[in-house]
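You will see chain A twice below: alongside chain B first, and alongside chain C after that.
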Partner chain A sequence: MTFTVRPDADAKLRGQVAFATDRGVPGMLWGALVPAPVARGRIRSLDLGPARAIDGVIAIGPADLARLLPGVTGAVERPVFPTDRIQYHSQPLAAVAAPTRQLARRAARAVRVDVEPLPPLEEIEGFDPVHPGPDRPDVIAHVLARHGDLDAAFGSADFVLSETYRTAGVCQVALEPHACIAEIQGDVWHVTTSTQTPFGAREDLASMLGLPEERIVVEGTWVGGGFGGKGAPLVEPYALLLARASGRPVRLALSYREEFQLGRTSLPSVVRIESAVKGGRIAGRRVHWRLDAGASLPGRDFTTGYAIGFILGPYRIPAIEMEGYAFRTNKPPLGPHRAPMAPQCVFAEESHMDHLAARLGVDPVAFRRAHVWKEGDRTHLGQKVGPFGLDRCLERAGALAATWSQDAAPHTGVAVGVGFWSTATGAGGEVRLVLSPTELKIIEGEREIGSGSVIRGIVAVAETVLGISRDRVRVDYHDTRSAPFDSGVFGSRTLAALGQAVQKAALALRDELGKRLSVPAGSVQLAEENGELVAVSGRRRAKIRSLLTATELALGGLTGEGRHYGVSGEIDTARVVEGTFYPYTDFTGAAHVAMVQVDPETGAVRVMRYAAFQDAGKVVDLPTAQGSIEGGVAMGLGTALTEETTWAEDGRMSNAGLLDYRIPTLGEIPPIEVHFEEGFLGAGPFGAKGLGEPPIIPVPATVGNAIFAASGVAMTELPMTPERVARALKLL
Partner chain B sequence: MTASPARLTVNAAPVDLTPVPVDERLLDTVRWRLGLPGTKEGCRTGECGACTVLIDGRSVLSCLALTHEFAGAAVTTVEGLEGDPAGARVRAAFEAEGALQCGYCTPGFVVALTSLLKERGTEASAEELLEDLGGNLCRCTGYAAIVRAVRRIHGEMP
Partner chain C sequence: MPAFSFVQPSTTDEALAALRQGEPGETVIVAGGTDALFELESRRIPPQRVISLRHLPWRTLSWAGESLRIGSTLPLRTLESDPDLRRRIPGLWQAVRAVGSVALRHRATLGGNLGRSSPASDLVPILLALDGEVDIVGIQGERSLPVDQFVRASRTTALGPGELIRSIAIPEARPSAFLWQRVRPANDISQVGVAVAYSPTRKEWRIAVGGVVPRPVLLPQAERLLSGPSPDAAELRAAAQEASMRVPFSTDRRASEAYRRQLVAILLQRAVRAAGSRPSPSGAP
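Moving on to the complex of A and B:
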């Protein structure tokens, strides 16, 4: 594999890439949001008068919606502005726009809000979820599944280990805040925005504004980091309404404080995990999960029924029960953070595995390998396991851990943790390739969010199929009007799922060229000659120009289309008692190794070395694959050690800033070794598996296990701050 | 807010911003008044490094700098490093190591590292350079490739 420089590198290094925050249009106004002053309460009155009295200011609130959205019929699921009840602190109650940023902020502060505060509902523990009682959060999701004879497993166990874990909420902290520019163009509501999902944003905006999808156009920009936070619309509806009210383009960007307060982040959870062990094997496992879903909409929950499976782990266990509850509290709505809740669930599960192995006095890697799924096994919900390289990753990680352990200094521990994920999700997409005499264009709607999955991942697929050199391939981004539909850059699906559409489209082009050259399609590759593309098959060579019809030349080239609507596996619904569980598409494993040092006096943890063994199916572009693993590990180290959203008693996020909410800095990241395990092929092109989310998943568990190895104390709370470790060490 | 006089040099070109509001930040001046959006707006509170520019050759967080206080100074943004040999060296190393993903932190790193190279040249070790980059945050790369890029530059130093 040769090293390829990212095609966007040069422009990004010169500051020439325009993000949504960089966009400005003549005559634009600056928007600002009016935040709720309490986390829970009733709005007594909202007076926009003082803001409107400022020269040049436009202000809109709930009372203006009917005027701004005439002809809208039918109930809107989530009104843009609440009319009565405040659900979370800083929830936007109104919005303003003004000719300058300063004036907009001033106008937002001038709005008078009178509320009757109520005590915020924040606790998700300490009450019966079946009968929560008054002044307890509502249950928005309940899932329950069972399989096997759990009573027998627990009744005849040699021992039962029962543990409770608590995990904190973490924020995506993309460096680029959410930003967009909205403009009403005749009948069309147009928004240029930093989004991972242009089509998803269009659909959500249509439902929030009560407009038909055709009247909304979403144009993506370069995305300055997504990590799940730039999926569902956040700033767009307000900007569009302000544009509508003012008749001017409106730029709305969140301040970094708002980014923390309003970003759709992950939230706290509590995991109880109990295992019944007999004869050195896990005979039964019961897990109970409580998830804080913030002000999420009931019925929109995906996380609970998906992530809960990770608490059971990728292991053969004859009898299982999993039950999960998501509660509606007075925090901002729960959002997807890179592998939503999986690092947290896996932290509990994989720490528990090491504690079980310790209790049994066996090697934790061997203990895992005795249980780990292999292809052909059944998941806890009865789905057949596909090609899965986790056992092989474990074997290699175990060998490395053994080597590292040999030079472990005092207070130093080495340990392993694993995780798995499903990529190439069922969500579908389409792509259009256009082969001109001089280049191949990939026409699609997804923008590059940083991982390289668009600009390198899907491009590499086209290169490989057609043998075309990469400087002859160009991604041509279109807005939702003319781009082929795709569900978005999320769920580690871009290469694995959209890549399949690209592969099909490239194959269609190759077939067509084969026909026109009268040679077998499989033999056609593209080459260059005097700046022109030529199709080559054995000794046959023909300029692309000579193979295209006059009409095709006039239209820009030969078109190849590809669609990929994936199918996920099937779960055995007889095992589901209540709620919605989701099947996996493919099985992507990872085993990590950490070496940490624990300061016996302060409890501070230093990660000294780190290694990731990633089941990748097939690596399509090595530098981007490696970058994704390194970035995922670093983000996971934040989740493990420092990152935590804290909430004051009044429901306000109390550390909404980078100084208090600490993401890893350059000096805190240890050397990270990245190893790929290829050959256990996934559903993606050439057998590729997605690599966006998998690398973050095992990190908190691996670090926790290394702390356990170093100090003998079992960490059961994330993040593992010096204070928590010191407390576990009984220093406090 | 009352305005003040502000004449400065930005990327070697003299600009007269008079009158500039006294609360205007240099970040907004270069991005919105001078049309140089290469300098990125992250936290606006001095905590991320995305807005790093050079003032008289030294790294400054432009979100914390009030434009009128720098009257007479020479400001260099990432756009102004186009022809700079140290800047070119930084860009080449970042490219070769894949030291960027989304690219939002990237201009800040390029500017900060370029100024370190110019200021400290061969005297600084790679470790010292890395330590001085501690105020620049990157969420995507996990810094691994950035560290490699810095080491590569250091290895290449004359």
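Moving on to the complex of A and C:
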């Protein structure tokens, strides 16, 4: 049996794909990190002597950086090792390498660390953010925007509903932990690694190591799941420094426990949302958001300034205010987890919508549809809304919810939740297509991270433009030395950005073939004949071989280049009081329906049925798109019901393992219906909208609303574990 | 994982001979290995030896009239697939199926679960409720102990050095049930597990609860509040109340004490009702 839906599926199911953790090179050393023994404290001394005394062990600490990195001068924003203050538990304080993994671990344990422990700062509420006071976390980002007459809206309201929601940190839980192999090759610092952003990693490494980008080569491996966690470098700088210090290749892979402790995950947040209602409509909304940013906030206030907009919702509200704070606590740095913080923000916003509708005694779907943005409306920050299929998704979701409600058993509830998102563009992307007599090669610089967007999505774009069959298209990955630039697999952008580059390059090839055949370019399609590719236009047929020059044949084929640099809309900066807010590239809506059963005596929740209506613009490859929606829903069910990082009083993550950090299993995932709404075109090729992140966003809210429908209790905390539901039901 | 020697005896005599060698602290005994693997990985001081019981002729299952004997190294998946188990001892069937995943149950064993003696074990409560007996073979000879005396505390049993669990005997088929509550239903450690069984010969109920530190417990006081095979609602409530107050629950990372008390009261009533409503093992109404 072979699996044909995805070209990589067969090899992956047979274990034939080499992920970073499967890689090794002759003569390599094994690296290990020396973890901080406390979450907050001062380093009194760090003694690498006992590790270095072990035969064959190389150990490096902060004191070695000047010698290893002559290019780094002065203070760097992100030092590889802390010299003074420990910011989070298990923070790498030093690194070792040894000929075996056991020896490396032994050496890491041998390093003597003397610290003066301080109580970790973990709380993000219960104090004034403007004057946090001593022993409170610093504010590292503050954003504030407002529009309309909020005082009038709240002053003349029929009623005001004010709610507070609390959300937990969730981890990406990629199957494969972070892993890399570093090697110094002459002047070049080479790293083979599992990364979502080879070029981004190169840029970050250059700045951390004080090297020019040309001296760093990042070679991506197949990525065993990213979900945002494999963007910024994590293990690479340590491996490169160990390779530099030892003169040998060094492999550094996190254990799964370290993956939880050091991974860049999402962290807790607190949302306060208040709506002023008059005449059955939302007249004003005020949101106040507090985000635990851990030891640092990558991208400064991006997460804060972007995600906070989702708490206001995709709705027409005349007066708004949103204010967000991100605090520096003694947890690992906040990272991007699939649609960073949007499922959490939308959980608050969409639960609030159902609670408002209940208070008004109106149908929650009709209530949403009375407010939802349509094309031409303005966002809360004044951006003009582009083609947006959310109202249509809501209409269809509402109809399905009504049907499901008819056969709802006792203690069963059916509800709807929505979410919206925008396809990121990043700093653009480029590809090179090479059409040979027998195949089309897509030369590009991104590795498949599991979503299918590289191995299948961009291939489908070439198929659509050129009519070529998929088994004649080959994705030809290149490292950062020779690949065309692309800014990474993140932000639901791959099909949209890289796919558009492929589309442009394929169109360029088609134009050229048209010229050579002396036919209109639009009429040319590729077909196969006796194992060779032929260009077909009406009755004209010509072998590609016959259309290429001798030089082209010698170089491998006819080349077409494509570049795509996305453009975003504009926000009305007059509405921004402080911080940075971001415009949307396009508008991707989703409306979900959940049927859940709530055990009225134990609080246990079972999701029985689930459906997603996804505003997709244009579906480029149906199985891949469906897979993305199903996967996003499954992941969202974890955020909704079972997943949370827990932290002990000493600042240590107390459930760093798959036993007590619970991702859903197939046993918890109900049948998922996937429906696409096409025609409201987005930023991608043929009007496709990015589908990587949108499907996770509405899930916690939809499940929470279904619990509300089933039991009448409003859940305000994630995840909605049986015990939390039992407390809300007042069983305890 | 550090290096160790691996011994795989294929007869009881070979197994006992292997136990005579080396210091007990340096040896880890493995049946399916699904739980021991964690310990081997995380141990700071690695074991010198691992003795695997997988090749011993103990992967057996035999019914004798109303009683059942289960070889200690029989994979749980084989046990749950026995055509009679579900009908004759439904509580044991439910408990076995509550353990881990299908893949895990292809390796995990009843003997291993008992030997590891976790407070959260899904199997110990039902073995208690069924008055299971542990058949032990050792260098000093053979002996048999009720499960209630065998299990002592978390990771602590009555098994001495030089002893192995050979089989577990269930004296009679009983109407029974095992119910649990978890954060993640399909595969998790139970917050509370409640096993109940009605002995048709002794005309009395057995109730056992897991998710209790240091070990799962029998609740004789609650048992006595249930009169016949189908207790009425008032009796059920009284037994639930008694159990809820009596069990020495505590708060840990999986559940609070208060939630466990709520759960045991609810699950106990449901389990007794489920067990009572089933046809008796002989098939008579």
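Just so we're on the same page, the second predicted complex is superposed on the first by the 717 of 732 C-alpha atoms of A that agree within 3 Å, B and C clash if a C-alpha of one lies under 4 Å from a C-alpha of the other, contacts with A are read in each partner's own complex, and residues count from 1 in each chain.
Quick note on the criterion: a residue touches a chain if its C-beta (ideal position, glycine included) is under 8 Å from a C-beta of that chain, and two chains touch if they have at least 3 such contacts.
Computed from a predicted model, the values in this text were never measured in an experiment.
Using the contact criterion defined above for the overlaid structures, shared-chain residue A:G667 touches chain B and also reaches chain C.
Contact with both chain B and chain C is seen for A:Q102 once the two complexes are overlaid on the shared chain.
Looking at the shared chain after the overlay, A:G452 reaches chain B, while chain C stays out of its contact range. Shared-chain residue A:E723: touches chain C; no touch with chain B. In the superposition on chain A, contact is made by A:G224 with chain B only, not with chain C. Judged by the touch definition given at the top, the superposed model places A:E601 against chain C, while chain B stays out of reach.
Of the two partner chains placed by the overlay, chain B and chain C both lie in contact with A:L659.
Judged by the touch definition given at the top, the superposed model places A:V173 against chain B, while chain C stays out of reach.
When the two complexes are overlaid on their common chain A, residue A:V143 makes contact with neither chain B nor chain C. Contact comparison for chain A: of chain B and chain C, B touches the greater number of residues.
Residues 102, 659, 664-667 of chain A are contacted both by chain B in one complex and by chain C in the other. By the touch criterion given at the top, residues 102, 601-602, 604, 606, 641-642, 646, 654-655, 659-660, 662, 664-668, 721-723, 726, 731-732 of chain A touch chain C in their complex.
By the touch criterion stated above, chain C contacts chain A in their complex at residues 2, 101, 181-189, 191, 253-256, 258-259, 262-263, 266-267. On the side of chain B, the complex with chain A involves touching residues 1, 23, 28, 31-32, 36-45, 47-48, 50, 77-79, 82, 90-91, 94-96, 98, 100-107, 110, 130-131, 133-134, 136-147. On chain A, the positions that touch chain B within their shared complex are 3, 5-6, 8-10, 12-19, 21-22, 24, 101-102, 172-177, 222-227, 253, 255-256, 448-452, 623-624, 626-627, 630-635, 657-659, 663-667, 669, 671-672.
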